[in-house]
Amino acid sequence: MQLQQMYQEIILDHYKNPHGRGLRDPYDAESFQVNPTCGDEVTLRVRLVGDQVADVSYDGQGCSISQASTSVLTDLVVGRSVAEAFTKLDAFVELMQGRGAVEPDEDVLEDGIAFAGVAKYPARVKCALLGWMAFKDAVARAGGETT
Amino acid sequence: MTAVTAPLDVAALRADFPILGRTVREGKPLVYLDSGATAQRPRQVIDAEREFLEQHNAAVHRGAHQLAEEATDAYESARARIAAFVGSDPDELVFTKNATEGINLVAYAMGNASTAGPESARFVLGPGDEIVVTEMEHHANLVPWQQLALRTGATLRWFGVTDDGRLDLSDVDGLINAQTKVVAFTHQSNVLGTVNPVEPLVTRARQVGALTVLDACQSVPHSAVDLRALGVDFAVFSSHKMLGPYGLGVLYGRRELLAAMPPFLTGGSMIEMVDMTRTTFAAPPQRFEAGTPMTSQAVALGAAVDYLSVVGTDRIAAHEHLLTVAALDGLAEIPGIRVLGPVDGHARGGAVSFVVDGIHPHDVGQVLDDQGIAVRVGHHCAWPLHRRLGVPASVRASFYLYNDLSEVDTFLAGVRETKRFFGVA
Amino acid sequence: MTAVTAPLDVAALRADFPILGRTVREGKPLVYLDSGATAQRPRQVIDAEREFLEQHNAAVHRGAHQLAEEATDAYESARARIAAFVGSDPDELVFTKNATEGINLVAYAMGNASTAGPESARFVLGPGDEIVVTEMEHHANLVPWQQLALRTGATLRWFGVTDDGRLDLSDVDGLINAQTKVVAFTHQSNVLGTVNPVEPLVTRARQVGALTVLDACQSVPHSAVDLRALGVDFAVFSSHKMLGPYGLGVLYGRRELLAAMPPFLTGGSMIEMVDMTRTTFAAPPQRFEAGTPMTSQAVALGAAVDYLSVVGTDRIAAHEHLLTVAALDGLAEIPGIRVLGPVDGHARGGAVSFVVDGIHPHDVGQVLDDQGIAVRVGHHCAWPLHRRLGVPASVRASFYLYNDLSEVDTFLAGVRETKRFFGVA
Amino acid sequence: MQLQQMYQEIILDHYKNPHGRGLRDPYDAESFQVNPTCGDEVTLRVRLVGDQVADVSYDGQGCSISQASTSVLTDLVVGRSVAEAFTKLDAFVELMQGRGAVEPDEDVLEDGIAFAGVAKYPARVKCALLGWMAFKDAVARAGGETT
C-alpha cells in the first residue's frame, strides 16, 4: 500500500490536533480560499508586526491533507520574518508541484517534509496548498514585504 | 423497475471495454464506479469512429464529391438513430459539444429573442418574468439560468429538496405561475439518484404557458426515455455518459419551438443568405449547428445507441437497480455512513452518494483509489444541493452496464477498510 | 517562402493516412483536394486518441482516482504542446468545439460585459462603438460580429477587397479609429489563399485601443505561426483542419485579457463558488471551458501538432507553395479560367479558387468528382467575398502536406476534361 | 463514366435552351428560393386562372441541374390543373429522394425522367428541387388548391 506514504503519521496527527486553529484578533488581513472541485475552504488571517509574522489564525473545512498542511504552516511561519516565511512557502510549493521528484529539505520545511508523498497525487496537491495560498494572499493584502 | 427481462451477461459485455481490463495502483484490478462522470467506451464505438475517419471522412453538407456524400450520410444516419433512441425525429435533434452547451443554447437564444423577429416573441424574457429551477440541479442547469436572469432582469426561483432527497412539490402551483417563462429541471439527479416526476411539472408548465427544459444527462444513458411521451419542450443529454465520445451533446427541441427560436452560435453552415450587413438563417437543426460539426463523434454516438439498444435499455436499468440496491443495503450495514438521497431503490437510479462520519470525502476517495476503486469525491457540480443537505462534499459511486455485484462487494469492503485505516469506529 | 528546407517525402507521409489509399467512383484513386474544408487524419492521431480511451479515460479535473489523474495529465500536456506550437502558454489557450465557437465566445463575452463587473469594462460595446471586419471573412468571422452589433447597437464596418483579392488597406486610419472596439480579420483567406499583413492592423488597433481577433484557421495548419509575435489579442483555429479530430477548436487570448473577460458558456468546471442566487467564476482557461471538455480530442490534437512539428511547418509551407504555383501556372494555360485572388505565389497559401467560363462550379465539381478528384464548390462560407468578385460561387482546390505534384496534374487534366465534357471551348 | 447518367442529353438541352425563362406579368404570387451551400437562387412566379396553372415564369442562376429542372417544370405544369401539377411535383420529389431506387413514370414526368440519374448524387438533389420548391411555395402563396 502506497497509502502510508501519503498519510504519514505526522499528517494524521496535525489533522487530529491542528495547531493554531480558530480565527483570532487582532489581524492585518484575511484571505478566503476555496477549492472549487471539492468545496473545501479556508479563511486565514495574518498579523504582521514589523517584518515579522506575529500570528496566523484560520478556520475552514477540508480533508486531512488541507487541514494538516495549514496546521504545519502556522508552525513554520509564525514568529519568522515575512521573507523567511516566503522561503518556506516557495520550498513547500516546489515540493508539492514536484510530482515526487523533489527532495525536501527538513531544515526548511520541518514537519512539512511529511507531505512529500502527497506530491505524487496531483489531485491532492491543491488540497495541500490551500492554506498556503491563503497565507500568501493575506500577506500580500497586508502589504507585507516578501523580500 | 422492469424485472421481467433476462439478466445482463456482464462478463461478456466487459470484454468489449478494453480499459476495464486495466490494473491501477500497483496491480489492483480497476473497479470503475465513476460512470456518472463519464462512461467508458466499447470497442464497437471506437471502431465506428475509426472506420469513418479512415474510409469516409469529409466535410458534411458542403462538398459535392463522393466522400462528402458518404460523410453526410453517415452523420445524418447517426442523427436519425439517436433521435429514434429517445423517441424523437431527426429534425428535432441539435448536436452541441456537450449537454452544458445545449442548456446554454436555449438560455442564450431566449436572451437573443428580444433583438430577433416577432416569430420569437414567445422566447422573450424580462423583468417580472420568472425562471424556475430546482435545488438539486447540476451547475449546468443552474448557472446558465442565473446568468440569463442577470442579463434580462428576470427572477430565478426554485423547488427545494426534502431531507430524503426528493423534490419538494408541495407548492407546484405557486412556484410555476403566470409569470413563469421556463421550468428547467433534472430528470435524474447525478448526486442523489432521485428520478423526478416529469408529468406534474410539465402539466403545470403547460397550464401557464411556460417552456420546460429537461436535463436528461443521467436518465438517457441508463433507462428507456421517450422525450416526446414525456411532453417536455427541450431536453439535453451528453454522448460521453452513454458510451459515446467526448465533445458531443444533444439538444432535443419540439419542432415548432426550434422553428421559432433565434440562433445562438453563428457562422458557417447555419445561414440562409449572408451579406455584409445582414444574415438570414437556415431551418433547424442546421440553424443551431454553426461551424464544422462533430461529424465523427456523431457517427460514434450512433454506434453507441446501437450498442445500448442491442443490450436493451430496460435490461440496463434493471441491472443497475440490482447493483444500486446491493450498494445501498451494504452501506446501511456499515455504521457511520450517511447516504444522500433515497435509501431504497424506489424511483432512483444508480448514483449512490454518501459521507462517512469523521472522514472527509477526499480521504475516503483516496483510500478507495488505493484499492483500485474509482469513485468521485466533491460536490459533483451540485454545490447548492450539498449545502442544502448540510455537507460540503460527498463520495459518489455510480454504476453502469459493465459493473457487477462483485464490484459492489469490493466497493463495500473498501469503505470498511477506509474506516479501519483512519481508525474511525 | 522558405526554400532552403529539404523537400517532403510525400509518398512516406501518405502511408500514414489510411483514407488516401481509397478509391472512389468506380475505382478511381482518391485525389483529395479539399483540405481547406477538413484535413484527413494520420494513424498517429487516431491511435493517440484510441490509446487514451482504452487506457487512461476518465473525467478530468474532477476525480481523485488514478485514471482521473492520468486523463488530466494527458489533457493538460496536450494543451501545453498545442500552446507551444503557436508560440503561446497553456493558460492562454481555451478549448472550444470549433473555431466558430471561439469567435462567438469573444463576441458573446463582450456582449455579457455590460452586466458583468467593472473589471470587464474594456469589453463593453454600445451605440457609437465600431466593429471592423473585412469583406473576405469566412461567415464564422462575420456573422457573430453582425449579431453582436445588432444586440449592442454598435456599428459594423469593413475593409474592402481589391480586384486581385488583397485587402484594400488604403484607409486603415479611417476605418480603425477612436470608436473602434474590435478589429477581426482573417490571417489567410480560405477562398483566395491571400495571406493578410497582420502588422499594420495590429499596430493601428493598438493605437486606438481596439482589440484584435485573428482568424488563423487557414494559417496555423499550413505554416509556422507565432501568435505572441504577431501581437494579436485573440486568435482562433480548428483542430480538424490540422490533422486533428472534429469537435475541437482553440481560442488563444492574451493572459490579461482572458483574466478580465466575463464568461460565455456557464455550468460545471468553470465556477469558483455557486449558490442558488450567485456564482463566481474560475480563472482562465477553465472559466471558458464549461461542462465536460473535449478530452480525448485535445489529446489527439496534441498528437497532431507533434506530427506537424516532426514534419516541420516550414517544410509544409514550402511544399504547398510548390503545389500552389504549379496549379496556378497550369490553370493559367487553360483558356476561360478565372482564378479568384492572387495569381502568383506571393503572400498566398494553398487554396486555389476559380471559375470556368460557361460552366457552373457545381458542374465542374461533379466532373472532377467523377474522376476521383475531391474539390469544394459553392461560396465556401464567404458569400460577401464572392459577391464582391462578381461570381455566385467557385471551385476550390486546396492542398496539404499529403498532396503531390502528380495530383496537381490530375487536377489540371480534370479541369480540361470538364471543358471537353460540356463542350466549352 | 457514370457522368452521362446524370448529365443526360435532355438535361443539357434544357440547360442550354431553357423553356419559359424570364419573369412575366401578370402573376399571382412569386417565390424566391436559395440553396445556402452554393448560392444558387431562383425567383419564380405563378399565374393561376381558376384551378389552372396559366403561367410559370422564372429567373435565377444556378448549375445545369437546377436550371434544367426548372425548365422541365414549366413544360410539365403550365396548362394543367393545380392538382395535376402537384401530382407531378410529388412524383418528381419522390424520384429525386429515391437514391436511384425509384422507377420514374414517363407518363407523369415526361422529360423529368432524365433526372433519375441525379437522384444517385444526394448533394445534387437540392439543385434539382430548387425550382420545384419555388413552385410549391408560390402556389401556396397564391392560395391555390392542391387537391
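Letters A, B, C and D name the chains as they come in the text, with residue numbers starting at 1 for each one.
The rule is short, and it goes like this: a residue touches a chain if its C-beta (ideal position, glycine included) is under 8 Å from a C-beta of that chain, and two chains touch if they have at least 3 such contacts.
The structure presented is a predicted model; accordingly, all values stated were derived computationally and were not measured.
The chains touching chain A as well as chain D are B, C.
Using the average of C-alpha coordinates as each chain's centre, D ends up farthest from chain B. Per-chain CA centroids place chain C at a distance of 38 Å from chain D. Inter-chain centre distance (chain B to chain C, centres taken as mean C-alpha positions): 31 Å.
If you average the Cα atoms of chain A and of chain C, the two centres end up 45 Å apart. Shown for chain D are the residues that touch two or more other chains, namely 37, 121, 124. In chain B, the positions touching at least two other chains are 25, 62-64, 68, 271, 273, 362, 366, 377-378, 383.
On the side of chain C, the complex with chain B involves touching residues 18-19, 22, 24-25, 30, 32, 34, 37-38, 40-41, 46, 50, 53-59, 62-68, 96-101, 103-104, 108, 112, 115, 135, 138-144, 146-147, 150-151, 156, 158, 238, 240, 245-249, 263, 265-269, 271, 273-279, 290-297, 362, 365-366, 368-369, 373-378, 381, 383-384, 387.
Residues 25-26, 360-363, 366-367, 370, 377-379, 383, 386, 392-393, 421-422 of chain B touch chain A in their complex.
Every residue of chain A that touches chain B in the complex is listed here, in rising order: 1-3, 6-7, 12, 37-41, 61-65, 121, 124, 127. By the touch rule above, chain C contacts chain A in their complex via residues 61-64, 68-69, 72-73, 271-273, 282.
Of all the residues in chain D, the ones that touch chain B in their complex are 34, 36-37, 121-124.
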